[in-house]
Amino acid sequence: MSVELSETTLRYGDGPIVLDGLTESIRPGEFVALLGASGCGKSSLLNMLAGLLEPTGGSIDVPDDGAAFMFQDPTLLPWLSAQGNVELALRLAGVPRAERSVRARELIDLVQLGHAREKKPHEMSGGMRQRVALARALAQQRRLLLMDEPFAALDAITRDMLHEELRAIWQRTGMTIVFVTHNVREAIRLAGRILVLSSHPGRVIDTRTITDDFRADPARAAALAAELTDVLRKEQFKHEHLDQ
Amino acid sequence: PSPRTAAQATELGPAAELKLGYFATVTHAPALVGLEEGILAEELDRDGTRLQSQVFTAGPSAMEALNAGAIDAAYMGPSPAISSYLGSAGKSIRVVSGATSGGAYLIAQPGTESVADLAGGELATPQFAGTQDIAARDYLREQGADDDVAISHAAAGTAVQLFSRGAIAATWQPEPWASLLVEEYGGEVLVDERELWADGSFPTSVLVVSQQFAAEHPETVARLVEANKRSVEWASAHPEELVGVADAAIRRATGENLYDAVLSRALEGLTFTADPLAGTYPVLLERARATGVIPGAAAADLDGLIDTDWPNNDTEGGGSR
Amino acid sequence: MSTLINERSHAGQEPDGVIVPPARDAAQPTRGRRLRRAWAKAAPPLAAVVVLVSLWQIASWASPMRDDLFPGPGDVLATAGRVVGDGSLPSAAATSLWRGLSGFVIALVIATPLALALAHVSWLRRAVGPLVSALQVLPSVAWVPAAIIVFGLTDATIYAVILLGAIPSIINGLLAGIDMIPSQYRALSHVLGARRIQHIMLVELPAALPGYVSGLRQGWAFSWRSLMAAELIAVGGSLGLGVGSLLQRGRDLADLGLVALIILVILAIGIVVELLVFAPWERRLLAGRGLSPMGANA
Amino acid sequence: MSTLINERSHAGQEPDGVIVPPARDAAQPTRGRRLRRAWAKAAPPLAAVVVLVSLWQIASWASPMRDDLFPGPGDVLATAGRVVGDGSLPSAAATSLWRGLSGFVIALVIATPLALALAHVSWLRRAVGPLVSALQVLPSVAWVPAAIIVFGLTDATIYAVILLGAIPSIINGLLAGIDMIPSQYRALSHVLGARRIQHIMLVELPAALPGYVSGLRQGWAFSWRSLMAAELIAVGGSLGLGVGSLLQRGRDLADLGLVALIILVILAIGIVVELLVFAPWERRLLAGRGLSPMGANA
Amino acid sequence: MSVELSETTLRYGDGPIVLDGLTESIRPGEFVALLGASGCGKSSLLNMLAGLLEPTGGSIDVPDDGAAFMFQDPTLLPWLSAQGNVELALRLAGVPRAERSVRARELIDLVQLGHAREKKPHEMSGGMRQRVALARALAQQRRLLLMDEPFAALDAITRDMLHEELRAIWQRTGMTIVFVTHNVREAIRLAGRILVLSSHPGRVIDTRTITDDFRADPARAAALAAELTDVLRKEQFKHEHLDQ
């Protein structure tokens, strides 16, 4: 099930155009990273892919069964524990009652929260909440997984471990992943393709395909990271001059 | 206003203003006549007293207003007067004149022939310990039917609705509801309350004044009593015009009224008299005691309630010392 | 594959089970649009009224009850003609409306600082809080004898009964609103160096406002109902004739047409106050915070 | 420099203007602690009662009013002895409490699905929403004639009046709770693939619960007050004597001692229901979400 | 005004000890970074420094006039615009009415949100909200500034610009700054001293002082970053083995 954007345009109310004529196709099983300045429309694009927002123009094709979505903020339900939040997702995904508890435990262990299973959201740290949200997104088991800065609140070590886990899950399940990050090296490390968005309005200004060979070579990866950072910087400076 | 006991008050001459309470209903016809024909205002004006009238919808709130000093005198049924007098150990009010007599009936569902037919049904009276309530209980006791008929309470329109729906077998109601039941809902008159009294008369509404006001302004009370007497006389003398006058007064006060047919039937059953019928009070109290409604009541507690000796110059008040 | 194409107007198409936040409107409102909007807003309540009145008419035809026990719309209209004609209904409605609104505003002014005091003084809340909830439960008629003794037969009595009815309800509404404020806001106030009064005025009250408005709606209901109870005390004289007195009159005379008419008048007043005051206020408040009352997004 | 040292018990020291979230308690509750806690909880309301009763006694001594117009605590106690002795008060209180609670529960069961329907069906809310708010404003006595015509002098009349009073209030409370739910929760439900019913049961209702409870408190107040109104209508016969009827009897007999007693009984019932039901429920709910009613953190 | 922690201990309720006997002194005008695994107690420590939380044991001395605090989540007031949120902080800091609007504009421009001045929080992207929170924290003008992952939601370019601005402000005002970050290089780039916290319980396991010379040399900075990452990794692995 591929994701197809054709001339997709978005504006909120009568504000400025946020996304302008995006035409893009994401193959089933692809792992795509979105890069772009803060406020350029990345979260809005994910919202449209998840069916939470209608495009103002153009069309979007997504798999019928919807997408798993890890929001930019954790959005945990405050009356449920970590375990409870994950079990809820399993329940709504139709997992039989008997399996839920075991599966939820596995997912919570996966995100290194075994010791905080019964904590309520207000008793958790920011990074812990984000990890529960990650576990919940994985619990949904959809063919399309959307992630909005999933590791932003995590320390480097935890993040590394979760990168591994995510890639392993992706390889095992063959699902399609679209994720937003501000960390260029994270994008290079994880994604098969990187889309760079401009802002005001958001358009795809650069696309890079990353092979496993490429990833394995630290020097080339570092060079690419520098190059992409430069693309982003140029884009943003252009802007600053238009703005003022 | 903070009402003090009458004993502390001193006579202050005629009052500048008299606040009079009444109900906008036929049993208060002397009040309606007095207001509509200007008799009350005219009589009080002789001492330069202004008349302020106030319509009430139920005895308790009129009594509360009287106690609070919000009104100085009121037409009301004898039972709230008795309750208040007993409750205040004889300090609250005095009955200074009679107004209306008669006009209370036991009305039963169409086809009812005697009290025996009521067995197993419900009899509604307007309120617990009210005049009709005591009459009903006493009557049932006399007839030996007090175990067969349950008593419930529903006032005025509510009783009419219950009756029309067949939810009650009978109801003991004053006018105009008794007539309304007969005229509009085919009710049978089982008992005319007059039959239960020795000389066929019992008080339906009387004129009461607060003791405080009576002590301070005896002249004004005398004027009021005089005006009431004139109104009563007018009402007795003009039975044809009475319906129109009463209807106009009620509409002026509340904007709404019953049909003329009901009104005239109701007025026919009423007698207007300035005599408070003092002799009936001990009987009333005895019946209340006997039926267990006011178990501790003793006739002596009513001493001083009725004081018709106006005009008098006795600042201590009280005709029956 | 499901395709979401650019179609702004498929309101009814929402697929089963999909809980989509309402998409924002792209176009500028034009004159025609605005008219259509006003119509879209007025139509459903009007339709509801038409449907209810028709049902009523049918029921009154079909019912085996006597006309005076189950008056139909026609009878009520006739009664309306009469009491509007002689001016008693309009003046009673105006009197009651004035008392209700002014009493409510006074209650608001008294209740708000009390609620804030309860919210901030912990022992006061523990001492008086349950009493406030209990006062809410006390029927208005219970106050009537005391109010008459203290204030006599003046408007003050009526206002006393209204206030005693409305104040506890508004206090509880505001307290509930305050209790639901995210605890982070208190931390924020502390960090920003807000004095208590600044915290209350600049953070707490605005944050509690949506809950407060819904408390006010209940407070308004309480004050109006207490007013009706107070208007049964006495009529005329120093106390103007109110809607409550007319209602009592209708009951006393077993005039169900009048009773039904008064019910309709009170309902109409309630609907007007809701549509003109509470609903728009609540909608504006919620919209300003990115929330939207679900049924009211048109 | 301000120094925060480890002192767990300086409750009163909070410096002016500091809005500190209550620090969590470190120690395990022991038996002695628990006793002291229960005492700390009970003391303020008890103190409030003692203060109020003393003021009342002093006022009744100092007041120039006749005793029967301003009964003191002694008079009321005597009245209490009488009506408790002959069993009329306990049975009336039990009757009313049963009617109030069962009526409230029925109202709850009816109102909740109605509120959910209004929250989810936009045209229904626009059509009926204002009517619900208006119904809340309608005084209970207005329903009495209709209820009597339909149900006669039975408990059904009383329940009808209670339901018509409580249902609109509960509906509005739940609607307000739902309107204040963060819009992200709807997005979450959509993304998790919740069907509408699942969204309602698993997300919407729990999220709206704190607002709902405060709506229920108002609903309880409405149902109790409606009950009182209903009990004034009609007494005796097949209908048990309720507290409302006793109140009316007190007024009929000009027995202000009885009126004061009934007011106290109603207040006591209100306080008990608040302390046993609503306050703990609300506190538990809020605490479970990291919120805490500010006055109630002991 | 220095910040003094002496044997500061913290636990929530009867849970495990979160921070265990921290004794640390922060000089006036110091720029300190806190590093540590997710959930180790960094935010809790800042909360104690801000007076929002009382230590369970030991004592904390902070300047009398309190601290400016940028929370981990933006905590904007939803009924105020970006400008309004910043103006509120100025108002509560006692800035006269006339100046507020101008100062708020300057701060909003500083965080690159000139185009979104009148937007309400729900109309902003995650990164935009974080920048408003930053502007608000700067508006407070206290001698002590606490920041909890202030740049986590920002793209690399915006982050770079704000790093410059923050250092400039720090140099100009001489305020004391304590900030939490998961980005080791960010810590090296900005801070004069880095404290590394362990978790379960939180203790300071490493302290590094960073001079401007050091910072200027990319190779040494990179080496330090690798070294600190290693410290963190070792700490976390130790844990994992204890946990399981």
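Letters A, B, C, D and E mark the chains as written, and numbering starts fresh at 1 in each.
As a working rule, a contact is a pair of C-beta atoms (placed from the backbone, for glycine too) under 8 Å apart; a residue touches a chain by one contact, two chains touch by 3 or more.
Since the model is a prediction, treat every value here as computed from it, not as a measurement.
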Touching both chain B and chain D we find C
Min route length, chain touch network, chain A to chain B, equals 2
Looking at Cα centroids only, farthest away from chain E lies chain B
Busiest interface, counting C-beta pairs, is C-D
Top of the farthest list for chain A, CA-centroid basis, is B
When centres are defined as mean Cα positions, the distance from chain A to chain E in whole Å is 26
Separation of the C-alpha centres, chain B versus chain C, in whole Å, is 40
Chain-centre distance (mean CA atoms) for chain A and chain C, in whole Å, is 45
Dist(centroid_CA(chain C), centroid_CA(chain E)) in Å evaluates to 47
Where chain C touches two or more other chains simultaneously, the residues are 18, 20-21, 69, 144-145, 149, 183, 187, 189-190, 193-194, 232, 248, 250-251, 254, 256, 290
Residues in chain A with touches to at least two other chains are numbered 12, 51-52, 73, 122-123
Where chain B touches two or more other chains simultaneously, the residues are 60-61, 64, 67-68, 157-158, 161, 165
Per the touch rule, the chain E residues reaching chain A in their complex are 12, 35-39, 42-43, 72-73, 112, 114-116, 123-128, 131, 148-149, 152-159, 182-184, 200, 229, 232-233, 236, 240, 243-244
As the complex stands, chain B meets chain D at residues 2-5, 59-61, 63-64, 67-68, 80, 83-84, 87-89, 91-92, 122, 124, 127-130, 150-154, 157-158, 161-162, 165-168
The residues of chain D that touch chain C in their complex are 16-21, 41, 44-45, 47-48, 65, 69-70, 118-131, 133-142, 144-146, 149, 169, 172-173, 175-176, 178-183, 186-187, 189-190, 193-196, 199, 210-211, 213-215, 217-218, 220-222, 224-225, 228-229, 232, 244, 247, 251, 256, 259, 262-263, 266-271, 273-275, 278-279, 282, 286, 290-298
Residue set of chain B touching chain C in the complex reads 1, 19, 21, 24, 52-58, 60-62, 64-65, 67-71, 156-158, 160-161, 164-165, 180, 184, 253-258
In the complex, chain D touches chain A at residues 184-185, 187-194, 198, 202-203, 206-207, 209, 288-290
